[in-house]
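Letters A, B, C, D and E mark the chains as written, and numbering starts fresh at 1 in each.
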Amino acid sequence: ADIIVVAHGQANDPFWSVVKNGVEKAAEHTGANVEFRAPETFDMVAMSQLIDAAVNQEPDGLAVSIPDADALGPSIERAVAAGIPVISINSGSDVSKSLGALLHVGQDEFDAGKAAGEKLAELGGTKGICVNQEVGNVALDLRCEGFAEGFGNEITVLPTTNDPTEIESKVRAALDSDPDIDTVMALGASTAGEPSVAAAKASGRDVLVASFDLSAPFLQSIVDGDAAFAIDQQQFLQGYMAVNFLALNAEYGLMPGGNVPSGPNLITAEKAGQVIDLSAQGIR
Amino acid sequence: MTDTSQLVVDERLKPESFGAKLMKRPELGAIAGVILVVIFFAITADPAMFTLSGFMNFMTPAAQLGILAIGAALLMIGGEFDLSIGSMVAFSGLFFAVCTVTWGFPLIIAIPATFIFAGCFGALNGTIVIHSGLPSFIVTLAFLFILRGLSLVGLKWATGGSTQLRGVREAVEGDFLAPLFSGDAFQGLFASLANAGLVETFKNGTPKVPGIPVEIIWFVLIALLATYILLKTPAGNWIFAAGGDKNAAANSGVPVNRVKVSLFVLTACCAAMVAIITVMDAGSTDARRGFQKEFEAIIAAVIGGCLLTGGYGSAIGAFFGAIIFGMVVIGLTYTNFDQDWFQVFLGAMLLIAVLFNNAIRKRVTGER
Amino acid sequence: MTDTSQLVVDERLKPESFGAKLMKRPELGAIAGVILVVIFFAITADPAMFTLSGFMNFMTPAAQLGILAIGAALLMIGGEFDLSIGSMVAFSGLFFAVCTVTWGFPLIIAIPATFIFAGCFGALNGTIVIHSGLPSFIVTLAFLFILRGLSLVGLKWATGGSTQLRGVREAVEGDFLAPLFSGDAFQGLFASLANAGLVETFKNGTPKVPGIPVEIIWFVLIALLATYILLKTPAGNWIFAAGGDKNAAANSGVPVNRVKVSLFVLTACCAAMVAIITVMDAGSTDARRGFQKEFEAIIAAVIGGCLLTGGYGSAIGAFFGAIIFGMVVIGLTYTNFDQDWFQVFLGAMLLIAVLFNNAIRKRVTGER
Amino acid sequence: MTVDTNFHHGDAPDSAPIVEMRDIEKHFGNIIALAGVSFDVRPGECHCLLGDNGAGKSTFIKTMSGVHRPTKGEIFFEGKHMNFASPRDAMEAGIATVFQDLAMIPLMSVTRNFFMGREPTKGKGLFKRFDTETANRIAVEEMRQMGINLRGPDQAVGTLSGGERQTVAIARAVHFGAKVLILDEPTSALGVRQTSNVLATIDRVRKQGIGVVFISHNVRHALAVGDRFTVLNRGKTLGTARRGEISPEELQDLMAGGQELAQLEGSLGGTV
Amino acid sequence: MTVDTNFHHGDAPDSAPIVEMRDIEKHFGNIIALAGVSFDVRPGECHCLLGDNGAGKSTFIKTMSGVHRPTKGEIFFEGKHMNFASPRDAMEAGIATVFQDLAMIPLMSVTRNFFMGREPTKGKGLFKRFDTETANRIAVEEMRQMGINLRGPDQAVGTLSGGERQTVAIARAVHFGAKVLILDEPTSALGVRQTSNVLATIDRVRKQGIGVVFISHNVRHALAVGDRFTVLNRGKTLGTARRGEISPEELQDLMAGGQELAQLEGSLGGTV
């Protein structure tokens, strides 16, 4: 069976590389011929064109993430109209059904952010910053919004680039210039999470640091007590399950009856130790 | 000395092949690259790429990029850069979306307003560059940041906190101007072609290609218009002169400043055009629209033979440059290469296309 | 005619103020911008910014950017661009991490190997540019993509599937070369200063600033060295000549091709330097390191007065340019502005700094 | 280095000057290029501007043609006080100039350079377009009249020989010539035939009532066509003489800034 | 347009040529700039290369100095077959050239241009550095000897006057002059004093045994210093004459490509 996955995150994004690993694993297990595609940056116009390109090849199954239902809707509907089974992954749980997707595997970014926010508030956070390394990427912006909602207290969004040194300096600057900040929420473990931990340490203050997604060094910080927790949506599953379902569907016409939530999943000090190795291999 | 015939054969000229004459034109230089890329994908890619729908599929992004690239090429020929066009796509897209969704203007007002709005920023860019004498690189770079930032602020203001503004499609539905800037042209024609079996259809019978996406038509029109301006009008001459040597041009009486400011306005309007088309097509806009498009537009113009130093290049070159770039980006997804290798192939293909281009041109025109 | 004294007062010269003499040097042009930015932040930012630790905090990213910017500036003065340095940071960082972690080489081997590795790619870039005659923009752009893609492929190969390779810190721990490329210098000095109460300390008595981050020291050293080369050696003269007019330089006997290839190698080595420092500092590398650094490096060089067309500029200018850029990027975090406006301020500050700079220079040197 | 001049100051011709420049100074930063120069051109005369290298001749005529704004001093055009904001202004007022650096764009064709800024058009309204055929024809014809047979009008100016390029600039200025024609060392790169054509052209346009400003280092060329001679030295004027009032040797002496010439064997008797 | 020449072909001088060029052709795409030119220079002679605009003189000497590679033909340097890969090669072999376009970098200072590619250094090993003082001193002094008093050695060449700039190029070539000195219209922008200095300089270096190739459109300058005269026309050579074998009028006729000159009133008797 030919299956195509179109995602809004790039193959070199730490988060999406894990999804891609899941996709590859599923391809190996099912024997399907699977391809993973993504636009060069978070670009909804380009992504809709990639979906169109996929539809033109008339695959036996299509898995897409849907961060912008307006922009991607017509392309997805075209796929459905062309008789291609579609599963939505990662984002778009709310619109998945109405666009004609068979089911959704993933976790809502907003809900994940909310869960993290609630946890941080519970841990005693009163004033937070949300380190966003890609402002304008709706998926990341939703994480911040969810965090704000769950946290309840005042937060500011700290826009940065992907550069760890710059992130460290900016987090440090934010901490230095406002002594009330006691919570740092990073939107990606390796890009933003690790430098945030370093900055918190260098500031000499007691700061709650948490991050979305996993990276081995960040998990190590959790174990060491320098960071509070990481929030994991087991995105490996999003790639793996979607492809698996589509392959089974192509072969036997099988399809589960409902959405599959892959997270959220808080990784705290107890669990962190176990997943470090898996994270280092790109599975968690 | 009394011989007035200009067509007397000059013994100081060798006969020149037709090919050499063609390849000397910067307009046509990029064609060799296009051919190479087509051959490459004809061999490696899924045959779906070269069906009619595959063609429309890679031409759509190429056209969107190309509209920007032609503006950028004209500006580059005129000796300046505009790094703010990518941000301008986001910002004028936001303005357009606010006009239609938030303020509920009809397109007949919203579209001209968007062009005027973008044009004003273009004029501002140009005026600062002219009056400060600073390189346009740094001035428009500042606007890259400023406009991108304003898009974010504006979006949050318009939506009450989100970075995504939706509902444009509903807002413009039924407007008589909408078909000019969104969707597909010649739908009736394609439907009847499909009925006649001349256009492929999906299993359910709808034609795979419902029509020609309007951006492709705009792209071709703009390329033709820009070429006409460059080659056939005094303004074209002034653009080449202003970019070739600002002082020499001014000393010869070319209104260099006026030419440059107009080019900045034109480039901004190209960005507005792309913004309107993509916002109407997508039905939404977000803060990352047009991200790095300035860069891709310059790439396309340079692939098409424009010199970064100004004074040389062509709109048709940028046209083919955009097609090469668009074809490579989309084409790679039709092949079986692993996505991890995507950028390696993208880079290699660009390099090979340009090197090939260059080698062919040198060989045919006999340069050494 | 028999007057051999060169110091006779020429009636065709007006006396020139000391300030005018200073401002004529491109090295010093960017200073006005630095002062303006400092004043701005002294007023608007939290006082923490101008403590010693605040200073180190914004100088660290500025230094990393600056090392790249100086390489880029030299190359720009020599008339070429290198858009691949950002990707080169990622790729040589990967190579260095693989050397130390995967292969377990000591630094005495790993560091030279990384420089040679990067240098080879620089030489490749340069050779293609020279031999094809294509603009370096397009050639190095191809390598921007290729190297970025290879970094991803290499990382996955080295880690078995992840995009992050970690464990560098452990691998180099205790290596006698490590203090040269990571951590803070003069730690002893700062500890005793802290004891003497001259440096702020945390409540537990450790100094807030444990030392000077090594990249700052490298940054200053490289800026001095580059300035020395540009102004005081024949090679510097060749760089200006090669960038000013390639043909004229070659016709006057400057080995233009050799100069340009060396500059590409140098730029790549600057990227490798930044890669080594950041990888050792972070203890890990990932596929997005150095993203868009090529762009920022060019920005810093242009702020510092380099011309995009080549032949004019200075290393000290790039030095200050990097400081301006780094200070603005980090400094805005110290202010109370709504961070949504970050990019708007960033752009506006850059524009104002450069305009101010320019205005001051014109005023002082009496240009019109 | 001061010059003790035995220079005869010329009487002004009868007609009113087209352009009159009074006490022009021009400073570049701390460099004083012109320290107060007065000069005028009248219709139908060829006024030669002579002087040593670096005397300020080019700077002076650039001030006249709107490239530089004078630091001090006044410009009168046809009796009215004028301040050209750009070369285009000066051109529209009727001043055509051949600059020493020619003001050509190397990458553009001969025709495009020839008509740069003043393109002939055909068609109307939206279809008004650059009339390439006419332009090519005129360019080739004007060049031929100056003694250059082009291979084709679309050759890039950057690939022309030095003299061919200079001829394009001269032919262009003459073709569009209006009330004043300024020629800054127009014959420096020209062959003997082209030079005699240019000198003959100067004579022709002068007869049409155009005022010509002619800069040259060649005493013989200046004497061949000049009606009045003004000599600059180190940014100052040494005075003006009318034709016939000054001998070639005197003029050459003044042009050298009063310094003696190297001794030459050979046939260079009298004037270089 | 063919020339029926009454040109006396010169006998070769005694000594062996330093540079000998045989049947050089040079094509640019479909443009034939040189259609087979032979030429040689011997030590201690000044060999003038003359001809109409666009005849191919500059292209020819660029082939000699390694800028262009000949399309056909052979170059011998001191009897050995040679193929200069770059101007630097030619320079190292001992050929110094003043190009018609001067090969100067406008943004760089006079001193830096003067020593471009051949900088004097002081110090040793790692501290070997550009010796700015010496360089400045030499540059100013050499310029003064040519008759130009610079305001300062750090003025950008782009802001020099045309003649000042040309003098920098000449002074540079003469200063580094080796076995052959090629001068492409070196006096075109020079004042009378500077011109006579350059002609005197040619005479001086010739006496030192250097071979000089001198291109000019000025018959009088050529006759003043030339030992042999080769005339090019439309990419072909019309022949070579020795000094004294040809009259100024004959030479001028040949230089004009055999076409008649415009009639001039005034003092231009005989030669332009």
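The working rule: a residue touches a chain if its C-beta (ideal position, glycine included) is under 8 Å from a C-beta of that chain, and two chains touch if they have at least 3 such contacts.
Which protein is which chain? UniProt says B, C = Xylose transport system permease protein XylH; D, E = ATP-binding cassette domain-containing protein.
These figures come from a predicted structure and were not determined experimentally.
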Determine the set of chains touching chain A that also touch chain E. B, C
Starting at chain C, how many touch steps does it take at minimum to reach chain E? 1
Decide which interface, A-B or B-E, involves more C-beta pairs in contact, and give its chain pair. A-B
Label of the chain whose CA centroid is most distant from the centroid of chain D: A
Distance from the CA centroid of chain B to that of chain C, rounded to the nearest Å? 33
Centre-to-centre distance between chain D and chain C (centres being mean Cα positions), rounded to whole Å: 49
Chain B and chain D have mean C-alpha positions lying a whole-number Å distance apart equal to 44
Residues within chain E bordering two or more other chains: 31, 101, 151, 259
Multi-chain touching residues of chain C, meaning two or more other chains, are 12-13, 148, 152, 156, 340, 342-343
Multi-partner residues of chain A (at least 2 other chains): 11
Determine which chains touch and list them pairwise. A-B, A-C, B-C, B-D, B-E, C-D, C-E, D-E
Which of the residues in chain E come into contact with chain D in the complex? 28, 31, 51-59, 100-101, 147-148, 151, 155, 159-164, 167, 185, 188-197, 199-200, 203, 217-221, 223-225, 248, 252, 255-257, 259, 261-268, 271-272
The chain E residues in contact with chain B across the complex are 27, 29-33, 35, 69, 234-235, 259-260
Chain A contact footprint on chain C (complex, rising order): 45-46, 48-49, 53-54, 57-58, 60-61, 64, 148, 151-152, 156, 159-164, 166, 202-204, 206, 208, 278, 281-284, 286-293, 329-331, 333-335, 339-340, 342-343
Can you list the residues on chain A that touch chain B in the complex? 11, 20, 35-38, 40-46, 48-50, 52-54, 56-58, 68-71, 73-74, 81-83, 134-138, 141, 145
Show which residues of chain A lie in contact with chain C when the two form their complex. 11-14, 17, 21, 156-159, 161-166, 168-170, 172-174, 176-178, 190-191, 194-195, 204, 215-217, 279-283
